[in-house]
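Accompanying notes for the structure given below.
The first chain written gets the first letter, and so on, giving A, B, C, D and E; residue counts start at 1 in each chain.
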Amino acid sequence: MNEAASVVWVISLPLLGALLATVWRQYAATIGWVSSALTAGCAVWLLWVVQRAGVQELALGGWEIGLGISLYADGLAAVMVLMSSLVVLGCSVYARHYFRAQRQHELFWPLWLLLATALNALFLAGDLFNVYVTLELLGISASALTALGAKRAALRAALRYLVVGLLGSMLYLMAITLLYAAYGTLNAVQIAEALQVDPLGWAALLLMLAGLALKMALFPLHFWLPPAHSNAPAPVSAALSALVVKAAFYLVVRLWFEVFAPLTTPLLANALGALGAMAVLWGSWSALRAERLKLLAAYSSVAQLGYLVMFFPLLAVLEGEARQWLFGAMVLFALSHAFAKSALFLAAGILLQYAGHDRIRELSGTTQALPLTTFVIALAGIALVGLPPSGAFLGKWYLLDAAFKTGQWWWVLVLVAGSLLATAYVFRLLGHAFGHLPAVKRPVVAATQEIPALALALLATFGLGLGAMSLWSWLAHTGTGAGL
Amino acid sequence: MNTVLLAVVVVLALVLLISLLIMLSRTRLTDRLLAVQLLGTLGVAILLMLAVVMQQRAFLDTALVLVLLAVVVTAVFTHRQRGGKS
Amino acid sequence: MVGLSAINPQFLYVCAGIFLFAIGLWGTWLHAHYVRKIISLNVMGAGVFLTLIAVAYRGEHLPPDPVPHALVLTGIVVAVSATALALVIIRRLEDATDE
Amino acid sequence: MILDALSVLLLLLGLFFFVSGLLGLWRFPDTFARLHALTKADNLGLGLVMTGLLFQVPDVLWAIKFILVWLLALVASAVNAHLIAVFLHRQQEGHDESA
Amino acid sequence: MNLLDGLWGVLDLLLVAVLLLLAMAAVLSSDRRRSMMLFIVFGLVLALVWARLHAPDIALAEAAIGAGLGGALLMATLRRDTHQQTDQFPQHPVVLWGVGVLVMVLGTAIAWGLFSVLPTVEQTWRKGAAVDAQLAFSGVSHPVTAVLLNFRAWDTLLELAVLLAAIFGIRALGYVRSAYVTEVAFSQLAVWLVPLLILMAGYVLWAGAHSPGGAFQAGALLAGAGILLRLAGYSHAGLPTTRWLVRLGLVAGTGVFLLVGLGLLGWGQGFLHYPIAYAKWWILLIEMLATVSIGMTLTLAFMGGIPQKEAA
């Protein structure tokens, strides 16, 4: 089997798993985690192939690209696929015990694997209309999973999530219509080559940005995120916060730096950065005031996505080597957030199961009852604040550096304020968790629930922090320059 | 001949517009249901005319599908019994 | 009569499509009830599809571009799936109120 | 030529029935009378239009399909009218659903 | 000739006027039931517009899915016990107008962008020429089917997965209560209409290879048959009563599509790369199973999940 097949397998395996888990539902859980594990293996294989042989482009069906659809894997795409496959694997191992009832298993796995399919298909899509289909698959499976929370609040949140996702997709589809009308192709590379600075380009960029900003919950379009992410079952919340919004962000990066590159002026980048800054401040402030742990984590996601967008104005003015490194730092930050946030949500799920609630004020005794879970929360907190040695630290540090270098000191203020607020909400959480209670019973927690959470948190803090240099350098040099 | 046929289509479309206006001006449910039925028949008639004018046989299939599924929609509307009292 | 033939159908239908898109967006944004949001979203989708098909149209005597037709078919099926899911969630929420 | 003339005649007759259906919808006082008039009018209208078109079709397959559509439309229209009548009857017996 | 063009112009204007009126009324009306009816008529007129723009495939799909099934799904959310369901806008009129101005500005921007390129590419065929050139190697002779099932087969495969995601989501919501009256007279009629719908579905599927039609339209017709059966009092709507058969039916379309694609990859052809000589048969197989899956999916979507009795 040739190397390009790895691109096909990372998408096909979870899809195949979803179908098998539907038919043989008594084995749904086993099929689920086995296919997640195999997908993660294929994702490693894909990364290895891309690293060794460069960008992989696969013309599906053997038709010339443009008539047919292409799958496209460069460094950035391969890293995102690996990120999503690892988080999905962690959550899959966790979910085996989280959903104890047989019926819940049957309902969860097919949708979960479809979500994984959608994520990988989205990261690897080389065709803008194909991206639309993957976005819809992602939105529908994500909101269906949110509804698994089964409570009224979860149903409401799922409905709103679904409608918001559809609205974003429609805006995106209108932009595709414009691009096809002008350039007669749907392939991203071909459009990028032909793109001209004209009213049509502006309209298309505006529509795509609006649609994706809605999907990635960029301030002020974040209103739907906290209820959806905090009411879903724990593994679902983890994937929604770590991966699904990240997928929209990934598309923004692709479109901004590659397809619409001639149109993205520093002014527009600054406007976007300003929205990011407001997201950081508002999200962190709301997280500090949140009553419940899952709500805190959800608001913190709004803030973290704000940081990611704040890289844009700096990337717009930097050039050469420094820009490449900053780009790598942005991806590193995104990866770090994905692992940390999924770990935090998984830990919150354990807490919810054993304490019966996740009200922050009443968390006293958690350290005594669930020491490992508390440790995971602390590790995730380190990555969210951006303390060393986490990957987020490197990202933030480089952002700070770039802001000083380019004289855009106002971003530094936001960064400092955001980090202080993050420190405050993490320590508020830990402060309550460390509160001592006289007699605490230690419940027996399934190792398959705590260990994946721990592994993801360790990846975010130590894995990406200590082992970051080679990855960072590779991302900086092959992430996008070679791409698209 | 095509010109004549097309002229008939135009008149049918005009009737469609007027019956829509009547439908919009009515407030009673039954009147609206009747107007919808007239609109449906007009739509099928226009589709059949277009099939001949544009020499496209697939429009006959479309007309067939419209006719068949119109019954389904009406049936759902008249048979629903959701919520509280029956 | 002759004056009307100057109207380019492509122009007319693209305008109609964009108008549908805009009014659908307005309704989705402002309606409070979700059934109405869903109806508006479908109107908005119809607007996008109409624009796409109008772009594919090449006059009375040439066959249209088949690619947008295929895209719209895909779009319609995707829209109906999402609509179905949303409507069932709405039904479930209302049934829960009854009990 | 004669066929063309015949089909124009039939089409015009069909149009006449559609317009009278429109008038019925607009003027008739009683709901059941309207239902009756309208069903008659649009069945006849569609039937006449189709008969008119039958003289214009290119081959026998078309003709067969036309007749099929017509027959089904007759059945469907009868079913529709029945459903609506029963529905209205139930409404009047129970609570009045008209707003 | 000029008269003919003039007539087309008038027809276009009338159709667009009807379409826009319907859309505005459907969005703005304060009565929910009325809005739904208007939306169903909107689908009907949209089918006419597709026909007029030489898009017979979409006209067929709109008639089947948009106006037919979409309407049925919407109607299923209506409640019986309320006289009228009124939807008021909670916002202040200033907000309503402000947002109105905003969307119109956006619309103008789109129109401006589009019209800045349309005159220059008006007569170009974009990807149409490439489709035409490769049509002979696609295994089917109808260009839209060739694009859907061969050139852009990957989109279609994922689209089937979207349908699956929706139906899994619906099933996950739990069981539904029976919500329809049954009438003897209607049941007898339904028994008569169901075979017709199934026959029609078979025809539309078969026609897809060389003329407008295909799996989605055919699937929607099957679902129409399912809905009629459900209304006629069959609690399973004609679906198998064995649960694993239902699940197998739901995933059959996507499953075979994926397995054919992967099988070709293993065979050395490349993912979804049909050998030219057999392309026709593979496409036919995939379409047949997809029709069954789509029909079952849409029927279950209408029922809102698995009926209670089966759940026992």
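Throughout what follows, a residue touches a chain if its C-beta (ideal position, glycine included) is under 8 Å from a C-beta of that chain, and two chains touch if they have at least 3 such contacts.
Since the structure is predicted, the reported quantities are computational estimates derived from the model, not experimental observations.
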{"item": "Set of chains adjacent to subunit D and to subunit E", "value": "B"}
{"item": "Contacts common to subunit A and subunit C (chain labels)", "value": "E"}
{"item": "Greatest separation from subunit A - chain, by CA centre", "value": "D"}
{"item": "Intercentroid distance (Cα basis), subunit D paired with subunit A, Å", "value": "57"}
{"item": "Chain centre separation (subunit B, subunit C; CA means) in Å", "value": "19"}
{"item": "Whole-Å separation of chain centres (CA-atom averages), subunit A against subunit B", "value": "47"}
{"item": "Distance between the centres, which are taken as Cα means, of subunit E and subunit C, whole angstrom", "value": "12"}
{"item": "Contacts with 2+ other chains: residues of subunit C", "value": "21, 24-25, 38, 51, 55, 67, 71, 74, 78, 81-82, 85, 89-92, 94-95"}
{"item": "Touching two or more other chains - residues of subunit D", "value": "72, 79, 83, 86, 97, 99"}
{"item": "Sites on subunit A at which at least two other chains make contact", "value": "129, 133, 136, 140, 143-144, 147, 155, 174, 180-181"}
{"item": "Interface residues, subunit E side, partner subunit A - complex", "value": "106, 109-110, 112-114, 116-118, 121, 124, 126-127, 130-131, 134, 150-155, 158-159, 161-162, 164-166, 168-174, 244, 247-248, 250-251, 254-255, 258, 261-262, 265-266, 269-274"}
{"item": "Sites on subunit A touched by subunit C in the complex", "value": "129, 132-133, 136, 139-140, 143-144, 147, 152, 155-156, 158-159, 162-163, 166-167, 170-171, 173-174, 177, 180-181, 186"}
{"item": "Residue numbers on subunit B that touch subunit E, as the complex places them", "value": "2-3, 6-7, 9-10, 13-14, 16-17, 20-21, 23-24, 29, 32-33, 36, 39-40, 43, 46-47, 50, 54, 56-59, 61-62, 64-66, 68-73, 75-77, 79-86"}
{"item": "Of all residues in subunit B, those that touch subunit D in their complex", "value": "1, 4-5, 8, 11-12, 15, 18-19, 22, 27-31, 33-35, 37-38, 41-42, 44-45, 48-49, 52, 55, 57, 60, 63-64, 67-68, 70-71, 74-75, 77-78"}
{"item": "Subunit E contact footprint on subunit D (complex, rising order)", "value": "72, 75, 79, 82-83, 86, 95-97, 99"}
